[in-house]
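Below you'll find a set of structures to go through.
Below, subunit A partners subunit B and then partners subunit C, in two separate complexes.
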Partner chain A sequence: MRWSWRKVEETFFRCLMMAAVVLVMLILLWILLTILVRGVPALDWEMVSRTPRGGFYLGKSGGILNAILGSLFLTLGATLAAFVAGLPVALYLTCFRGDSSRTAAFIRTVLDVLWGIPSIVYGAFGFVLMIWLGLRASLLGGMLAVALLILPIMIRGMDEVIRLVPRELYDSAYALGATKMETAFRVVIRQAAPGILSTVLIALGRGMGDAASVLFTAGYTDALPSSLLEPVATLPLAIFFQLGTPFPEVQERAYASALLLTILILVISGVARWLIRRYARQVVR
Partner chain B sequence: MTGEHVIHARDLNVYYGQLHVLKDITVAIPRSKITAIIGPSGCGKSTLLRSFNRLLETMDNVRLAGSVRLGPQDVYAPGVDVTLIRKKMGLLAQRPFPLPMSIYENVAFGPRLHGIRNRRALDRLVEDNLQLTGLWSEVRDRLHTPAVELSIGQQQRLCLARGLAVEPEVILADEPTSALDPQSSRRIEECFRHLKDRYSIVMVTHILRQARRLADYILFLYMGELVEHGPAEQMFNAPRRELTREYVQGVIS
Partner chain C sequence: MLRWRQWQERIGRHLLQGITLGCVLLAGLMILGLLLKSWPLLQEQNLWSMLVSRDWRPHRGEFGYFPFLAGTLWVTGGAMLLAVPLALLTATYLSEYASHRVCTLFKPLIDLLAGIPSVVYGVWGVLTIVPLVKNEVAPWFGRFTSGYCILSASLVLAVMTLPVIIHVSLEVMQAVPRELRESALSLGATRWQTVKKVVLRKALPGLLAANVLGFARAFGETMAVIMVAGNVARVPGSIFDPAYPLPALIANNYGEMMSVPRYDAALMLAALLLLGVVLGFSVLSRLVLQRLQRRWR
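On to the complex of A and B.
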């Protein structure tokens, strides 16, 4: 067998690819192992079924049900708000504006800039907004900040997947006498449904995992969420506060919280994946 | 509505940006006949077809001058409801694009848009139009399965049935068999033959033999100009223009 230069090149890049795969897998495994090894010992039924006891905010006993529910409510609310606000924008960019539209290009640029803004800035902005609205740190305030944080992700993500809808599908609907609106809502959304769902999922994951945006806006509390206008605990902040204590027992619980946050996101993405597969059956390829 | 011709184009000019793609097209399309638009690739066949049902204007940078009439109706008159114009002209594309829904929903989609809600009436429409395209016996047991699970030939006939369900006067077909295998192509051609008594069919094709087999009337386009048009017999056997003769004999392509 002759070793030509092309062959060397091919082998070299194959090795590089393998190395990249291995590296990515290793990092993932390492993260998962770390939170498993450190979190599992501290994890018990109390952790997910009780609120903190024996100490302000974090406690050495009790659980973090307050943060689990708080994160769920806050993120679901924020995701829903961002979806409802974002979908029309994404449809406007794709179905109502042509590919060569300057307005659309400008809006996309603005959204990309917004996407890049650090979440602490959204937190600070949300804080200003809250004061202006006369709110204090609360579930509603947190939802607002997180909704703003994930809005650009939501819009640009949906925009990209809707742009993949073939031109001919629009033509098919138009040719049957559908208006742009009917085409957008009855055909394009269905075709893009799997992609839209993944986008919602990505936005939701980002929102659920973000600590900085809820730091000032949602506050923190030992109590279970009871009202939109009361402060609410969230998992990222629970981890932050638990890790920040000088007590090793409480620090251990931070890893249990991290584990719970990961499991929560895994469960949500599992459900979403199942939904995506169901929708994907209808889609034109 | 009767009359010898169904579509009249007059001094039709179309520009894509600076590119002049259709030049001074004036032609009348006969009613209840199959009209084939032939010509080499890029000569403006599809553009002409799409100018009839105003699908061109959904693209960027397109400018159109001149007029198109569907029967007595000026297609481009200001204030005309474009959805009603398009509804009167069914479209069949090069590759079938079923809507992302079930077979039943595909056919019922158009009628629903235009206000038919009654379940019985919809069932009826779905069955009738699937019958018309010979698809009913093949899909009656799986009407509620996704349309994309049909074979590509079946999909194309579904798209035809979907278009027929809104009761158009004209069927516009843009190389409707180019993605299909020979057998499926033949079935589409059969459909056209059956349908031409009730509908006027305008098809773009680059397959000369298909035009010979099907067409009653031929439009020959070359580089955006309508070189010649006439009954198929005359166009194939005794064309008036030298260019037409060369094209139909396969000298140029």
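On to the complex of A and C.
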């Protein structure tokens, strides 16, 4: 009797857990299928090749080239800035502070906490910064907010990669008389390069998909991005605004834009994943 | 030559240290910046009375945050109720039952779920969840709703927090020492008994932390919620009522905030409240996770 109860309990929970896993996967599938099925019919060449014309938000002709280019410029700029600021920090944590350092552990905790701060707060903070700097809603302001948003992701990602670099490599470099700076920038970076690149791509994807941080800071415009100090359109906001209109034709475009954004991000993260797999083997272990 | 390299080293080290310090100070700077912007309002009105007041009339200078706080709590609470069991069951299966191959297959899929932008979740919510709640769920309970309500927002949010909770829980459970499992199994315990009495018990603080992280994530989520929650500034009475969560308040009103006196301060204070709550919860859970890591390594 005791034995059979154990068996029943085991089977019950195993089934429950399998059901949960299947459900999670079905939800993922459901989301992707919904976006695909509703997006594809509305997607055409005009969507991606032209800017909004007069009456675009009433259902007239035009496309979202402004948002696509705006998102690309903004995210590339922000990613570059976050990379330049983040790489030194990631190197510092591992190369200058040991693995057991308390300071490094503290900094990592702070970065993890920063990671969890909602993007709308980054948007609000970016807005405060812009007021202090005398900027108005612009490409530069958006870059600033998104750069801050992806900085913790960038640092922690690169940090994890750099920590995987084997200890022997440092020792060999030191034994040859290299300073810590030289070791960090000439040996460690080279070793961790594929991982660093994939982290950059992951951060890029995150920055591209975020809407709440650019809401205050980048503004929105129907024109193509022309200058750092002009407002710029972004894809997530384009989706948001188009969906907010009462016209079905415009809402259709929101679905197409959502499909476009999803594809962009999936491709970016796919490449990142492929890079990790492809190059992880060639690195010295 | 040697001297130059030594200088390079010294300058470089300080530079790196400086940049690192800057990043760490960022958190403090955020609090400071938002506090400075909301200071005028904080001087005029009592923070506590604003938190419990139900009147949100910016034009008359009345800023009561209670409907928004209540809305956030309803939506987030509902999301956690839905997400936690599902996430824990999934994480347990992937960590304890699934073969290595299945696990390596599923992990990228869960990261994929985490990588989908929140606007896309919002679009999905509007297309599927909202009609579902309006046409199927609400009539089943004998209620009428537009579909843009707490239940819809909770459902969408739950899906969005799933990957966070699963990811962290999985890491925590996989970090439980292998020997413990083997001892339990060798004493004749079944798989589930081992999971229940050994792994889950050992991983409990970490699992708690994982869920708190998920909560913090859901609490600050903006774009998806704004699209499905309905945004009516009233204290909700049931899950079929619309809600107006705090992040949605900030995002919806940035356009007019410069034209009404103290409105900008009120919105910045809302951001500060959000930041405070999320910071509190995530610092707590990170500390727990870090202690566990140090103990098990």
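Convention: the second predicted complex is superposed on the first by the 234 of 285 C-alpha atoms of A that agree within 3 Å, B and C clash if a C-alpha of one lies under 4 Å from a C-alpha of the other, contacts with A are read in each partner's own complex, and residues count from 1 in each chain.
As a convention for this text, a contact is a pair of C-beta atoms (placed from the backbone, for glycine too) under 8 Å apart; a residue touches a chain by one contact, two chains touch by 3 or more.
All of these numbers come straight from a predicted model, not from anything done at the bench.
Within the superposed three-chain model, A:V110 lies in touch with subunit C and out of touch with subunit B [touch as defined at top].
With both structures placed on the common chain, the touch criterion links A:S269 to subunit C but leaves subunit B unconnected.
Contacts of A:T179 after superposition: both subunit B and subunit C are touched. In the superposition on chain A, A:G98 makes contact with subunit B only, not with subunit C.
In the overlay built on the shared chain, the residue A:D171 is in contact with subunit B alone; subunit C does not reach it.
For subunit A, the partner with contacts to more residues, out of subunit B and subunit C, is C. In the overlay built on the shared chain, the residue A:P41 is in contact with neither subunit B nor subunit C. When the two complexes are overlaid on their common chain A, residue A:R190 makes contact with subunit B while staying clear of subunit C. The residues of subunit A shared by its contacts with subunit B and with subunit C are 179, 182. Of all residues in subunit C, those touching subunit A in their complex are 5-6, 8-9, 12-13, 15-17, 19-20, 22-24, 26-27, 29-30, 33-34, 36-37, 85-86, 89-90, 92-94, 97-98, 106, 108-113, 115-124, 126-128, 159, 162, 166, 190-193, 195, 213, 216-217, 219-223, 227, 247, 250-251, 254, 267-268, 271, 274-275, 278-279, 282-283, 286-287, 290.
Those residues of subunit A that touch subunit B in the complex are listed here as 98-101, 166, 168-179, 182, 186-187, 190-191, 193, 281-285. Against subunit C, the residues of subunit A that register as touching in their complex are 6-7, 9-10, 13-14, 16-21, 23-25, 27-28, 30-31, 34-35, 38, 85-86, 88-89, 91-93, 96, 105, 107, 109-114, 116-125, 127-129, 131-132, 148, 151-152, 155, 179-182, 202, 205-206, 208-212, 215-216, 236, 239-240, 243, 254-255, 258, 261-262, 265-266, 269, 273.
The part of subunit B that touches subunit A in the complex is made up of residues 53, 55, 58-61, 83-84, 86-87, 89-91, 93, 95, 97-102, 109-110, 113-114, 146-149, 159, 162-163, 166, 172.
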